[in-house]
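Each of the two complexes below includes chain A, the first together with chain B, the second together with chain C.
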Partner chain A sequence: MTAQEVRLCGLLLREHFGEVVEKVGTHLLRSGTQNLRTIIHETGVSLDLVKKSLCVLMQHGACVFSSGRKGPGSPTEYQVTCDRILRILRYPRYIYTAKTLYGDTGELIIEELLQRGHMTMSSTVKTVADRLTQNMEEGHSMDYNEVSAAFSKLVETHFLQRCPPMAVAQTTDKTTPGTPAAPGTPAEAVSTTTPTPESFPDCYKVPDVTLIGRGKRQLSGEDGEDQRNAKKAKLDSEVRTHGDEGIYWQVTFERFHLHFRDQAIINAVASRLDQTSSEIVRTMLRMSEVLTSPTATCTKPLSANEIFRALPTSYNIPRPILDQYLTLLVDDPMEFVGKAGESGGGMYVVNLHKALSNLARATLESVVQERFGSRSARIFRLLLRKRHLEQKQVEDFAMIPAKEAKDMLYTLLSQNLVQLQEIPKTPDYAPSRTFYLYTVNQLPTARMLLQNCYKTVANLIERRLFETKESKRLLEKSQRIEAILASLQASGAEPEQLKEVEEMITAPEKQQLDALRLHVNKLDSAENQVDETIFLLECYIDSTATTTR
Partner chain B sequence: MEEVKVKKETNLTDPAEIENRIKELCQQFPHGITDQVIQNDLPHLEPQQRAMAINKLLSLGQLDLLRNSSGLLYRMKDSQSTSKMKGSDNQEKLVYQIIEDAGNKGIWSRDIRFKSNLPLTEINKILKNLESKKLIKAVKSVAASKKKVYMLYNLQPDRSVTGGAWYSDQDFESEFVEVLNQQCFKFLQSKAEVARDSKQSPMVQRNSSFATSHEVWKYICELGISKVDLSMDDIETILNTLIYDGKVEMTIIAAKEGTVGSVDGQMKLYRGVNPVIQPTGLVKTPCGLCPVFDDCQDGGEISPSTCIYMSEWLDF
Partner chain C sequence: MAGKGRGVAAFTFNIEALGIGRGSMPEARVGPSPLFPNTDFKPVPLRAGEDEDYMLALKQELRGTMQRLPHNIKIQSNKADVEKYTEKYLKQRQMEDDEWTPDWNLFPKELMPQKKKPRPKAGMKTKTKKTRKDTEDMLSKLDELAKKDDGNPEKSDDETEKKTGKNENEEEEIEEEEYDDEDIEEENDYIESYFDNGEDFAADSDDNMDGEATY
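Then we have the complex of A and B:
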């Protein structure tokens, strides 16, 4: 965990859960595993708040606890996982993906689950159906069955999974307010190694849920809503049981990541070769989705016949053309697709690790290209290709005048994008008798860029917070006016009256607000773009770690 | 044969004849002869006489004495150079010889000093002298612009000295290289486009997007952008820079001997390729390109809140 990661985590926690959780979270990130007493002592936050913060973190799976390291009876210790907090950055992307794959219903299911950490299926379905009904025309409503069908589909495709049972037992305690949190109950604590959800056989099994009814429309007016909520709560707790109490669901981030990874590979093939090739690769990846383990370096071999049968008929690719495309894909120096054998008309695999490595390399090249110009990028690519080169060789191969080449090399060296290897002819390291070889180490460079990405996102968030803080007064004013307008409209006010209220925001103020909105949107989209780079680099680093292990 | 032998034997005593015979032998073997060769050829010659004859030839400057792994070697001196060197003293001859040995790579005056053991002032004088006689010339090396190397007047300097086609007056013509780089890419790109529009099967499409280095060379020659004559090798170095730019890929295929553009039965094929990804997300933000990225801190002199790059980007 680096300083940049901690800073970014802190900002994300502050944005989503407020300052207290940020304080507790970053403290735990910095100091590692700690027990409740130490946390209270070192952060200076009151016991109640610390407990609540830990509950929030645990609800979102960002915090794990274990019995103390000092043997049985010692106080429970808490640990915050940095990775999980960084996922918050990717929420928009998960939600968007769910929308493209499963429509509005899928989008809302994922959104609700992300926002609440984990929920039972019945409550998710109800909330989503209510929200969908809210947006429908008067007189229409969403059937629970439709939503639960979408939910089951998401589970089937492993985008959702059950929370591990032990954690469930613990967290149900916590979500009910008033129950004292974990410290006093070390007996319940799980063994130090947190179980992975996949280790439970029922992980992707949808329970039988009896859910009949339709989404309810919220009544307008705040009083009505409160009443309704109170009533609903009563109904839920007293009258209905749906048969899935205690089974909580969470979003399978890994599954989404696999999807993103496949998407990245498909897009790369599309831009490198053409649309048709990318469709073939898409088909191959879809076929092997269930067969291949998430950490495999390449997919299970697929024969050309199988691929041909699995291709969507709308593409209308004849068999000989498919063979040609496959040969082209294998021949491409990027090696997205490899040939594993000759049987069955040729066995083909998608080289996942190689593809990621190539994509990461392209990312590094792109960073150098944009930041230092295309000539420096030429030198960078040259070094990636030829591994070790002397300065003179770099000049000759890249055809760049000695003076400029030297300048570029030194700049790249000072930014740690290029490394220098000394090879002395004599043991005294005399400069005149030493070879100085320049080289690029892809993995460490990718790691460094990843840190830069974290810092960049943190900067962007910081800036966004700053921008909104600067015009806080203005924002509040516009919100107030909007509220007044809405209430006036509801009570059927005169158009002149409405106009009068609208004019309370002066033209320059309006301009400022528009500018602010533009700025915030720009910063938001930039955050998402940087997250794509982060994703690619993380994937590459993880996959390299698994292959070399 | 008989006659020649008889003739030889009769003339053996005449020192002038011996000298002539040795000279003939030297001409027969331009790489030089050993003592053994002379002995075999003139078996009845006394070692003393032989030595005398050789010494005389050496002193006259008609013969060169060289040493190689197998012993001493005699070689005919260039008749041209001997005539050119007329009227020069031994030192001048020595310097001339050193320069001659350096060939078309040239030699630096400091290296001449080391080899000849003459003082620098003396060498400079001799060099000036030889230059004025148009026996040698000074060439500026591209490797170090202040370093002058000397070589014989009639020699064409080596590529390592002049830098080949890419240098004019010791300056690397980077603009010329860039123009060629762009033209080559344009050629390959248009070829790839034509192939893509042909609507043929994918294999044919790819194969027709390839161009041999010979084709590229011809195209560049016909464009007439280059004042100097470029060789195929020159074009291939340019194409290599395109590979390092990530815009082009190369394959080598076996070609029938004698096909145009094939070297050693191989042909290099180039084709333009598309990039794998668009510029990555990181570099679309100001931070990705920021020159003071490492100095940026919350609340510092440079901070995200007050960053002018960020402000400019947001108002863009």
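Then we have the complex of A and C:
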């Protein structure tokens, strides 16, 4: 990982888990795999805090441990994964996606799981139901069954998965009574391989048997009662066991990423062609969702007939129009859709890798355009299309006066967006007998841009911390006054009394607070939006890495 | 080869051929570029919309909640500060979340905070035995210690290492004193058997013990 990544990870850890975890986390990021004693020794953090921090990191899946790396009996070693920490940046997007797909219940399930790292199904369902009940009107409450149904649906669509069982915990897990894991699971098979969640066969299996029984019991105690009773029922049930102890669930980030990727492609098609074509691509992606492996370069071929049948009737696309749209999509230079054969009225695929590559290229182009102007972007695009060009050719093809073109080209070169390659005619590299070719390498440039994005986010966070620190006193004051107001309102104070308290914040202070809020909101939203670019670039880099391997 | 090309106009060819003509070159750059350069192009405004606003709210809420969860470890350093009256209420609100106990089946055992209760008892038994011996014969005791040292020289190394860690520990909160490391037990064994005159220390914790020995 790079310095930028470590810096960003540190900031994210500090914001979400406190400074101690930041210290331990960044130390582990910098120095790789280490055992407990070395961590304590090198960070100078006390034993208890290191232990706690490691637990927190592991709870959130940011840290893995292994023992016996240096032979049997060697101490347990810990490793922090940078990628997992950077995912914190995307948490709002995961939650929002869950909301759009599965409503408020889905949103809260994902939110709870992200906040706590991993949880058992029963405790998740309980917390979510309680939270939903609290937001409902008096006399209504959330049925546990409904929540667990939403939970199962999320598991079915692979948005949630079981945490991989620990190699050590495996044996104890099996002997625990009431664990509904399939008895046929061979314990050795998991412990020998690296514990990726996918290698665990029960990864997407809901331990439903026990929860239905429990849900019914909950229902009788809760039905038609107000939220206080729901709370009481919760207390009661805490004494009992739910039968899913030891089975923890976590959010499947990869699945969310696949969804984001598909959305990105659909949106790109919609803005390039029109809504109807995007719906066709959406249908194609949905059909091949189950069939295609996450790392495939393109989806499984689908015949035009199949696509036609799978199209929702509400779109009202007749067959000949569909054919026309498909031809149009295939002919589009962005190459989102490709033709794989003629049988069955034409076989079509979605070129996932090509689409990502084209989207990444568009991102690069727009970055150049926004930072260096449209004429520099013209040179950049020209080089992307023509691969290698001499300086003179660049000036001619771009139709920009030589002096300005040189200036732009050199600026791009100094920013590493454009590379220079020398091709000597003679082995002595004499300048007069050498071709100087300018070129753009998309992959390294995308990598560089990704690092810039990480740096940007880290700077944004830094700035936000600075802004809040500057007006810390003011924020505390407003917080205090809000607390007082709330307590006064609860005790039923006079309206003029409330007004008096409200006036404790003077007009200029209020102005300052508003300005601060505006700034913080802007910075936060910028973080969210930079993350979208980060996602696209990461996706492109990952998919290129898997295709070339 | 070495001296060639040093001079000002030492090119052996016509520079014009490369497209670098007089006056058509951009100005030479002197020194590093400024830390905050003027931006020629202003950034585009952020996207606005309902979903962006919602995600913003989610982000801020998430941050707030995560800071209140027990997963967020705070340093208890500003203890000496004067506690403000209102802070008490703020704290109450923040601490609404119960303590978090991870499932130890999933985590390595060495991270488990050691409960204090079972340990002092075990330590006590060996201690009393030793101290009884101590009163009987001091020399045999010393021999035993010497043997112990010879037997595992690494251990003594570890002990010194742990001792430094130990001193840091002492500065910490009372709540953290509940936990102890098993390694520290060894250290205490040593110290107690050496300095102890056989009195009963059942009520004392190991930490206090240690404190007495050092101060």
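Keep this in mind: the second predicted complex is superposed on the first by the 489 of 549 C-alpha atoms of A that agree within 3 Å, B and C clash if a C-alpha of one lies under 4 Å from a C-alpha of the other, contacts with A are read in each partner's own complex, and residues count from 1 in each chain.
In this section, a contact is a pair of C-beta atoms (placed from the backbone, for glycine too) under 8 Å apart; a residue touches a chain by one contact, two chains touch by 3 or more.
Every value quoted in this text rests on a predicted model; they were computed, and no experiment measured them.
Enquirer: Look at where chain B and chain C land on chain A after superposing the complexes, then choose clash or fit.
Expert: fit
Enquirer: Just to be sure I read the superposition right, which of the two partners does A:519 touch: chain B = first, chain C = second, or both, or neither?
Expert: first
Enquirer: Could you say whether A:459 touches chain B, chain C, both of them, or neither, answering first, second, both or neither?
Expert: So A:459 only meets chain B here.
Enquirer: Using the touch definition from the top, say if A:529 reaches chain B (first), chain C (second), both or neither.
Expert: In the superposition, A:529 contacts both chain B and chain C.
Enquirer: Touching A:67, do we find chain B (first), chain C (second), both, or neither?
Expert: second
Enquirer: Can A:402 be said to touch chain B (first), chain C (second), both, or neither?
Expert: The answer is both, since A:402 touches chain B and chain C.
Enquirer: On the A-aligned overlay, A:21 touches which partner chain: chain B = first, chain C = second, or both, or neither?
Expert: After superposition on chain A, A:21 lies in contact with chain C alone.
Enquirer: Which of the two partners, first being chain B and second being chain C, lies in contact with A:370: first, second, both, or neither?
Expert: both
Enquirer: Just checking: does A:497 make contact with chain B only, chain C only, both, or neither of them? Give me first, second, both or neither.
Expert: Touch partners of A:497: none, neither chain B nor chain C.
Enquirer: After superposition on the shared chain, which partner residues are touched by A:2: those of chain B (first), chain C (second), both, or neither?
Expert: In the superposition, A:2 touches no partner, neither chain B nor chain C.
Enquirer: Quick check on the superposed model: minimum Cα to Cα separation from chain B to chain C, whole Å please.
Expert: When the complexes share the chain A frame, the smallest chain B-chain C C-alpha distance is 5 Å.
Enquirer: Both chain B and chain C touch chain A; at which residues?
Expert: Dual-contact residues (chain A): 370-371, 402, 522, 526, 528-529.
Enquirer: Please output the residues of chain A touching chain B within their complex, sorted ascending.
Expert: Touching chain B: residues 7, 267-268, 271-273, 276, 320-321, 324-325, 327-328, 333-334, 358-359, 362-363, 365-367, 369-371, 374, 377-379, 381-382, 385, 397-402, 404, 449, 452-453, 455-456, 458-460, 462-463, 466-467, 515, 518-519, 522-523, 526, 528-533, 536 of chain A.
Enquirer: Can you tell me which positions in chain C touch chain A when the two form their complex?
Expert: Residues in contact with chain A: 11-14, 17-19, 23-26, 40-41, 43-44, 46-47, 51-52, 54-56, 58-60, 62-63, 65-67, 69, 71-75, 86, 89-90, 93, 102-103, 105-108, 110-113, 161, 165, 168-169, 172, 176, 179, 181.
Enquirer: Quick check: in the complex, which residue numbers of chain B touch chain A?
Expert: That would be residues 166, 172, 174, 177, 181, 201-203, 206, 237-238, 240-241, 243-246, 249, 273-285, 287-289, 293, 296, 298, 303-305, 307, 310, 313-315 of chain B.
Enquirer: Contact residues on chain A for chain C in the complex?
Expert: Residue list for chain A touching chain C: 15-21, 36-37, 40-41, 44, 46-49, 51-56, 58-60, 65, 67, 75-76, 91-93, 95-96, 99, 111, 114-117, 163, 166, 168-169, 172-173, 246, 248, 370-373, 391-392, 395, 402-403, 406-407, 410, 430-432, 436, 479-480, 483, 521-522, 524-529.
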